[in-house]
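Structure first, commentary second.
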Amino acid sequence: MSNDLLSKGLSLVRGWFEPPPEKVLERIRDELRECADLIGGEVSARQRAAKLAKTYAELDENGRRAFLRILLTEFGPEPERIDAAYDAYRAARGSDEQWQAEAALRESLRSPRSRILTQFSASDAGVHFLVDLRAELLDFLRDDPLLAALDLELQGLLASWFDVALLELQRITWHSPADVLERLMQYEAVHEIESWQDLKNRLDSDRRCYAFFHPRMPSVPLIFVEVALTEGLAGDVQQLLDVSAPLFATERADTAIFYSISNTQKGLRGISFGHFLLKRVIDDLRRDFPKLERFATLSPIPGLVRWYRAHPEALADAFTASDWRRLRAAGAPEGMELLQRLLETPEIAGTEAWREALAAPLLRAAARYLLATENGRALDPVARFHLGNGARIERLNWLADTSPKGWRQSWAIMVNYRYEPDKLQDRIDAYERDGLIEATSAVRRLAR
Amino acid sequence: MSNDLLSKGLSLVRGWFEPPPEKVLERIRDELRECADLIGGEVSARQRAAKLAKTYAELDENGRRAFLRILLTEFGPEPERIDAAYDAYRAARGSDEQWQAEAALRESLRSPRSRILTQFSASDAGVHFLVDLRAELLDFLRDDPLLAALDLELQGLLASWFDVALLELQRITWHSPADVLERLMQYEAVHEIESWQDLKNRLDSDRRCYAFFHPRMPSVPLIFVEVALTEGLAGDVQQLLDVSAPLFATERADTAIFYSISNTQKGLRGISFGHFLLKRVIDDLRRDFPKLERFATLSPIPGLVRWYRAHPEALADAFTASDWRRLRAAGAPEGMELLQRLLETPEIAGTEAWREALAAPLLRAAARYLLATENGRALDPVARFHLGNGARIERLNWLADTSPKGWRQSWAIMVNYRYEPDKLQDRIDAYERDGLIEATSAVRRLAR
Amino acid sequence: MSNDLLSKGLSLVRGWFEPPPEKVLERIRDELRECADLIGGEVSARQRAAKLAKTYAELDENGRRAFLRILLTEFGPEPERIDAAYDAYRAARGSDEQWQAEAALRESLRSPRSRILTQFSASDAGVHFLVDLRAELLDFLRDDPLLAALDLELQGLLASWFDVALLELQRITWHSPADVLERLMQYEAVHEIESWQDLKNRLDSDRRCYAFFHPRMPSVPLIFVEVALTEGLAGDVQQLLDVSAPLFATERADTAIFYSISNTQKGLRGISFGHFLLKRVIDDLRRDFPKLERFATLSPIPGLVRWYRAHPEALADAFTASDWRRLRAAGAPEGMELLQRLLETPEIAGTEAWREALAAPLLRAAARYLLATENGRALDPVARFHLGNGARIERLNWLADTSPKGWRQSWAIMVNYRYEPDKLQDRIDAYERDGLIEATSAVRRLAR
Amino acid sequence: MSNDLLSKGLSLVRGWFEPPPEKVLERIRDELRECADLIGGEVSARQRAAKLAKTYAELDENGRRAFLRILLTEFGPEPERIDAAYDAYRAARGSDEQWQAEAALRESLRSPRSRILTQFSASDAGVHFLVDLRAELLDFLRDDPLLAALDLELQGLLASWFDVALLELQRITWHSPADVLERLMQYEAVHEIESWQDLKNRLDSDRRCYAFFHPRMPSVPLIFVEVALTEGLAGDVQQLLDVSAPLFATERADTAIFYSISNTQKGLRGISFGHFLLKRVIDDLRRDFPKLERFATLSPIPGLVRWYRAHPEALADAFTASDWRRLRAAGAPEGMELLQRLLETPEIAGTEAWREALAAPLLRAAARYLLATENGRALDPVARFHLGNGARIERLNWLADTSPKGWRQSWAIMVNYRYEPDKLQDRIDAYERDGLIEATSAVRRLAR
């Protein structure tokens, strides 16, 4: 591209960041160019990529933004080549040459920047670097939407690298490497792990933990799931996380509860492993515990309170006359005042006197929220994930997560999604095609 | 695409193959469509891909050709979408939207067929199936050049999957798995392995063997190199392969001879690992044997006789008056008659009486051939590989491979390419940029 | 001990072997003494043991016999110390000091030779050396019974080292290390493995092979068992070993046939792993193939013909009048002439015309032999092994092993021993305590 | 043995422990008898041993003591058999039968109790159980010296099982299994590990940690050593343990400091691995860091203050007139008063004003203590260990361990023992044979 355009490209972002001195920009350009050129065999090109990774690592934020801008705007495919390839493609349309011309057009769009990114893979921190780079890029996107085009290219590369066929399922136990366990502690997103002792409890003989690993990031669990073996459906996360609870005798287990699923790499956003993980884990559990009859999650409802905040009238609608009667008896405030407080300080639902009276209307509100759809999709992100994998909404649980976070996001309500291996496919089809949400009649009744 | 075009697509190949019955074609189409649709979540889509792989495996050759044709011609990107994306790209050129439009154009070229191919990866025989598919596709290409476009797409996919960063270097020993060793025997392309005993000899303590493996094809060496530890530069492959030769005391070794490098997967043609393998192996050997001073190959010259067949005058030119004198004395035929016999039945160079007299002119011919370039590249394919990796032509060896194949391709002459770790980069640059071939003065003198 | 006794010790064997020169004997003595002395810390003592192992390896047979003699006779415990310890023990009998005195007496019997043997363990070839040493010692025993005392000491040491708790069960497949597989071929004692192809067939998906390994001999299977998965009880070993037989679909398997069990290390004679191996293998197979209903061997009867050779009258007794009639009709020789030929050239039982007529009397003879006991133990060594492990005699099979060896040892008859996991214990007790041999009523009927 | 003797055996200990009810004793006896009998094949005998282990685990302390007593007194060898074997041995003395008779006498001393103990090995907690059993037995010994005889037998068994040839050296890193690391924290005996963070620091790239493992206790480090790579000889343990110290650039390292060696299993007391560990670790370090020139410990002197407490006059002797002068100047108490305080509250040596003045006399005292011998052995247990392994006393370090424990046991003085690989053997010989203690001249000068 012309230098004009570039300086324009950079000037565009001048408003919000101070580009580094021209000398630094030149060094970045030189190194990128060397990488793109592939001069001197791939081995040395990769060495140069390693150097480039080091350069990037040593830049400050402004430097990094400039780096990514330059990569995007100065190392794209040649417009003239694209034009020529497209013209040839148009001309060949309908003839035998069409396919070759299509391939040539695709090739004309392969950019020096994709060559550069590919080479990063062999730097010392290797694959990991690219994953971290994308995590950072996703942050920069907010201020600099131009970079979205670069993100697309990077995501495509990572998606092929992190194809689930390349991942390895591993069971995590207390005998797993400490650095892996340390990462579990760091990444657990659903129910924070507080100490090595807490972690050890979650890896006990009545638990299972599984993770996917990539052969080139052998110590980094990409996604992991924590499972508890129980008798009957667990409806209370406090009990599952209680370090002092006695060990459960697994020979009595008839249910596997997936009580936490965490993605660890922001840089792999949009590349999904979750449903594969669940499928593989269910297979593994069935082999080890042939008596298991039920596979279900105990899941948060992260969007519940937030959604009602935007639709307070729908919350009001969930309270029947008899609900209000019982609340009055319990000394709760009336009408909008109560609703407002439920939306602003959801934890007040836990106030001792009101608890019992609030169970019915709030569970009703939760059931309605979970069963509703928008554009053929469930409203809640976690619901979307599990319904899209073929689960059914099995049961709602009152006072299931009484942590501050639990109150704040969903009045301490949690939900079990159940996986019935034989019915997954039909349910996925019904949900994906027709937006049908599968739920037990108990849940449906609750929603009335 | 329209059915017309398709039937045309198939009719094109009618001349050389009998397409399978319409019923079979329909089944293929249905299964491909199901795969491409991605309905019902990726897990089940992948199951369908496994089914598709099975279908393919059970087809006869005609069926497979039709399968690939259909995949190419009926599962390409939508032309209208490409046109629209290109128009948008042209309009955005020079503006901030250019990059996003470029990404959209690239996206419009992503085809259902690439989605289908990607899914193959999770079938039972997984990755391996795709590699074998491409090997077969390469065979079909000869009669059906149309498929080249499909090959390009497949190669791109495999190249990202088999990125060298994903490969593992392993040492192969007599303690390696039997199925891995069996494959070595099967794939050794340079000096055939005749028996398990022969193989065991090549894995003895005075040898090293290394291979690259892919995590999803753990028993398949993708490329491997056989190394002998010697004192001084080996110039004779018979000796290296002699099963009855005594074990060499490795503490005396100052040289590592790479006497065989074989790629095993035709389906990975064009995706190169060789130079990485050599680099990694040299690093490994230096660590284990700090006294090693020299790393060199003992390589065939596969194009030598063939090239002189096309340039007999150049061969004549390699014979000096004194060469002819000595040949006469040895009772050899004169002039063109001798040359013709050398080109037609190269093994006559080994006729006892003439051997000594032929050494000088044939080594001269070999040296000239190796030092010559065409379009800045060496003439010999093996030479191109090693020079492109930074090696230098170290020495030519007379009577170095007296097997029938050795005689036929290069009058039993072999060459040592030497790798000097510190000088690789400069040599690669000189060769790649300026077509300069590095050789010892002894080799240069030979060529005069 | 006194030199007199030693020279006597050596002279005793003068008859049959020529002791090495005095100089060599002195070197052996010196090195043994150094080893026994433990001067200078254990590390260096072990180095000296390694030297001693080398010395032994370089001796010829006479030298080795002398070495072992010296080790036995000159490095025993001190008689005076034993006497003193015994006297103290007698005196302490019945008092509190008894136990300490017993320990001291035991200690007084620990010999320098046992210290020396223990140290061998850390020589390069380590444990393996000791195992081989004992194998050789067992050979020497035949001419030199004196060495039996040394053998006892060595067996005790090896028994503690090779305690089954230290062994690892591994499944052997075509993916196992080649050196391990090579050893299987070498050691298979029941049905010779003829080639790598034959071996590969035995490791196919309708077969299983398991072996025990010791952590310090990781490439050496100590004992291994070959298993075929079948539908119904296999009664014919030819079929099992047929390389060209089609692969059996294991999902139909209801029976696991153990068709070969081989100990590989003569030097571990008397240290038994076989029953542990079977138990562990049955556990493993039940987990992998829950549908298996039957675990049985297909075993040779190695002592059958040999035993009847010593008891020809018992063989005569197995022929009924109708047997003789049928044999006459088949043109067989009469009476003793036939019996003699059956005992001298057992393969004549396979002569086509007589085959059918011989089946009944020879199966009767086999059944009687297998059901007979001597001193509460079965007559046949293989029978003793399986009955001692709780198996029952399930079925006799005519023409089951028609190899020359099969004819020679048991008129081609083989037997199935069946393992019923729930009944093993009772049967072991019945056999061990009361000499009761468990057999099916079909086998009992045969014996009448 | 007679019941009389047994009841006497138990009565002996009545004084200090209350034996469990007769019913329990009978159950113990029954189970032990079953184990000893070996009825019904070894497999089931081992199952019974597992049951016995469970029984033991469920007993209280009194029950366990009784268990061990019964095992010792009721399951010994038969006295009559010993007598007969001894008589035969005496008779055979000097004849060819002597060796066989010696073996028979040894055999007569093999007790049912040793058969029982051997079988424990295959119980679920296996080998580990026996190791723990002995640890407990060692505790009981203090009140019940009779059990020493049982301990001897158990130690013999464990010594053969834990022969160093069976152990595996493993490097411990932050990638090691968490349960292994947890045990390091638990067992570190020299410098307590305070947290996972502290541990991670000790496994950083400028550190090494190695441990020996037994194949049947794969998560239990039996002994481990912590190593710091430094430039020059480290004389200060605070600095080595400082979590916040910057990472040392290992390419500058010329010295490896072994700053902590810990045995973890009390039950393996008397079975020594330490010197093997050091030897193997030194080999490993030399391979990884060819530039290392010095291998040395930074060791405590655990017996220093304790010894001077028993020899106060020797401490007085270490103070010269000028020492006293300087102390007076520093305001320290005079003569015996100071000495007494140094012996009673050694940490007063760290009182700021006196520190400098105390360095000379206390280092002198330490040097004299370390160089002194008693019966040809060093006085200090740690010194005995390292001198016995061929180390030399290299340097004494003032204020090297200022932890409370450091003050209390050795006035915060530590010592470097240096391992010079080429000289180990000579030094071991000199020390073991002649009681010569090797030390640098600097240390010798200090002692004057």
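Order as written gives the chain letters A, B, C and D; numbering starts at 1 within each chain.
The rule is simple: a contact is a pair of C-beta atoms (placed from the backbone, for glycine too) under 8 Å apart; a residue touches a chain by one contact, two chains touch by 3 or more.
A quick note: this is a predicted structure, and the numbers were derived from the prediction, not measured.
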Please tell me whether the contact surfaces of subunit A and subunit D are same or different in residue numbering, using the over-half criterion. same
Rounded Å distance, subunit A centre to subunit D centre (Cα mean): 52
Taking each chain's centre as the mean of its CA atoms, how far is subunit A from subunit C in angstrom? 60
By the touch rule stated above, which residues of subunit C touch at least two different other chains? none
Pairwise touch list, complete, is A-B, A-D, B-C, C-D
Considering the complex alone, what residue numbers of subunit D touch subunit A? 174-182, 196, 200, 219
Enumerate the contact residues on subunit D facing subunit C in the complex. 5, 12, 39-44, 72-73, 76-77, 79, 82-83, 86, 89-90, 93-94, 96, 99-100, 102-103, 105-107, 109, 118, 121-122, 126-127, 146, 148-150, 152-153, 157, 160-161, 163-166, 168, 215-216, 272, 275-276, 279, 388-390, 424-425, 428-429, 432-433
